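Two complexes are shown next, each including chain A; its partner changes from chain B in the first to chain C in the second.
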Partner chain A sequence: MDPLVASASVIAASLAVGLAAIGPGIGQGNASGKAVEGIARQPEAEGKIRGTLLLTLAFMESLTIYGLVISLVLLFANPLA
Partner chain B sequence: MLSLLHFDVLPLAELEVGRHFYWHLGGLQLHGQVFMTSWFVIGLLLIASVLATRNMQRVPQGLQNFMEYVFEFVRDIAKNQLGEKEYRPWLPFVGTLFLFIFVSNWSGALLPWHVIEIPEGELAAPTGDINTTVALALLTSLAYFYAGFKKRGLGYFAKYIEPTPILLPIAILEDFTKPLSLSFRLFGNILADELVVAVLVLLVPLFVPLPVMMLGLFTSAIQALVFATLAAAYIHEALEGHGDEGHEEHA
Partner chain C sequence: MDENNDATETNSEAAVLGGLPLEPDSSMQEYYQLQNELLLLSISLMVVGFVSVWMAYSLTTALNYLIGACSGVVYLKLLARSVEKLGRSASKVSKNQLALFIGVIVVASQLDQLQIVPVFLGFLTYKAALIAYMFKALSTT
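And then the complex of A and B:
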């Protein structure tokens, strides 16, 4: 592989997963905070809130995973190589 | 140089990405290791269901009791998304998706596949291969198109222009992003779990990777749940149309 392409791919891979982690991080923090508020206000609804929270966290997590998929493609199956 | 990553420090701590045990069938190249593990998973599920239903008791015991619990769990996934009236015909599809993905994910995390040597590549969770997840996601697409056509005929296409025709491109794009996001989510999560565990095992072989392995078990279970839930939600959307969405959910 061309060293320029290789180094650019590595930098792009790290940027892809790092930048993709920002938004979902904020979103997951917001969601978890609201969920804790909800549980504190209404402790009897904890089971339902926790189930919904886990599902939504998985959805937000998947956004980072998309960035991770891009970086994995760049590292292991680079189309430019 | 970067196209293959291959560390071989300990006999149990190999890390191979992008290597496959190819089978050649006609002009096709098949990833043999994925077939072997998914046949194992399918066999496991078949044997478990046959054993649990062979000698059924009125008061369930042992395996039958467990499988009834599993069935009720899967039924609740379908019922929560599709509603009391519609869920029954789609229960086999949603349930099979959940069980296959769940058992695949956990087999990759729990079974010591690396003990079995194959000529190239390594045995791992079948869902850690993009081909498996794309196949499952395309099946889901087919399923919700079929559901929409069967319920509403050509009127199904009305949903593309329903609130306003301006949104037509986005409505069409949605049909492509749905399987894309479904497949990438599952593939990325499972492969990421395996990579994280493999890298940690490479650094510290004992005890330290255990919490991450537990986290991996947790996320892979959640991913199976998410895949099945989303498949059911897409089918529900196709059955109901955009107009009256969300009225009889959470029944």
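And then the complex of A and C:
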């Protein structure tokens, strides 16, 4: 592999993971915090709150996964090599 | 520590006096039901996807899809378990489920028999199940 392409791929992979994790990370933290707060206030609604949290987290984490796929493909199956 | 214990006792007394139902197991039934529904929906979509890919492409591609879909179902189960632990034994959502995904994609990229795209699209079956569940929930309300 061309060293320039290799180094650019590594930098791009790290940027893809890092940047893709910022937004979902903040969102997941906020959602989890509010959910725990809600459960503490209304323990009788725990099942409903946790269910909503599960759906929300699954949607948010898929955004991280997209960045992760790009970086893994660049590192292990680079189409530019 | 003592203050926390006092606060817990005061809350439970208030709840008992106020007649609030403080049964975590009964309130969690809805959550377990949601988990089961999502699991069943994911598995049924996985079967439909497997057969469709087999018909449209080949058995090899369909098996690749199946590997991705199975890992997606396990991923959803791990995420559900970590959400269940949140606020009880864990203070944040665990990231262990991402390790599963990384492992599957790395193995798919290293082995010649596996292809990345069908495995990844199979993994996303869980998301299709989530969207289907959301539409179902919206249509019933």
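The definition used in the following text is that the second predicted complex is superposed on the first by the 81 of 81 C-alpha atoms of A that agree within 3 Å, B and C clash if a C-alpha of one lies under 4 Å from a C-alpha of the other, contacts with A are read in each partner's own complex, and residues count from 1 in each chain.
Criterion: a contact is a pair of C-beta atoms (placed from the backbone, for glycine too) under 8 Å apart; a residue touches a chain by one contact, two chains touch by 3 or more.
Predicted model only: the values in this text are computed from it and were never measured.
Engineer: Looking at A:81 after the superposition, I want to know if it touches chain B, chain C, both of them or none. Which is it: first, second, both, neither?
Structural biologist: The answer is first: A:81 touches chain B but not chain C.
Engineer: By the touch definition at the top of the document, which applies to A:9: first (chain B), second (chain C), both, or neither?
Structural biologist: After superposing on A, A:9 lies in contact with chain B but is clear of chain C.
Engineer: On the A-aligned overlay, A:1 touches which partner chain: chain B = first, chain C = second, or both, or neither?
Structural biologist: first
Engineer: Does chain B (first) or chain C (second) touch A:44, or do both, or does neither?
Structural biologist: So A:44 only meets chain C here.
Engineer: Quick one: classify A:28 as touching chain B (first), chain C (second), both or neither.
Structural biologist: Second partner only, chain C.
Engineer: More residues of chain A are touched by which chain, chain B or chain C?
Structural biologist: Counting residues of chain A touched by each partner, the higher count goes to C.
Engineer: Of the two partner chains, chain B (first) and chain C (second), which one does A:53 touch, if any: first, second, both, or neither?
Structural biologist: The second partner, chain C, only.
Engineer: List the residues of chain A that touch chain B in one complex and chain C in the other.
Structural biologist: Comparing the two interfaces on chain A, one with chain B and one with chain C, the shared residues are 54-55, 58-59, 61-62, 65, 68-69, 72, 76-77.
Engineer: Using the touch rule from the top, collect the residues of chain A that touch chain C in their complex.
Structural biologist: 28-29, 32, 35-36, 39-40, 43-48, 50-51, 53-55, 57-59, 61-62, 64-65, 68-69, 72-73, 76-77
Engineer: Which part of chain A faces chain B closely enough to touch in the complex?
Structural biologist: Touch list, chain A to chain B: 1, 6, 9-10, 54-55, 58-59, 61-62, 65-66, 68-69, 72, 75-78, 81.
Engineer: Using the touch rule from the top, collect the residues of chain C that touch chain A in their complex.
Structural biologist: Checking each residue of chain C against chain A gives 15, 20-22, 24, 27-32, 34-35, 76, 79-80, 83-84, 86-87, 92-93, 97-98, 101-102, 105-106, 109-110, 116, 120, 123-124, 126-127, 130, 133-134.
Engineer: Using the touch definition up top, name the residues of chain B that touch chain A in the complex.
Structural biologist: 1-5, 17-18, 181, 184-185, 187-189, 191-192, 219, 222-223, 225-226, 229
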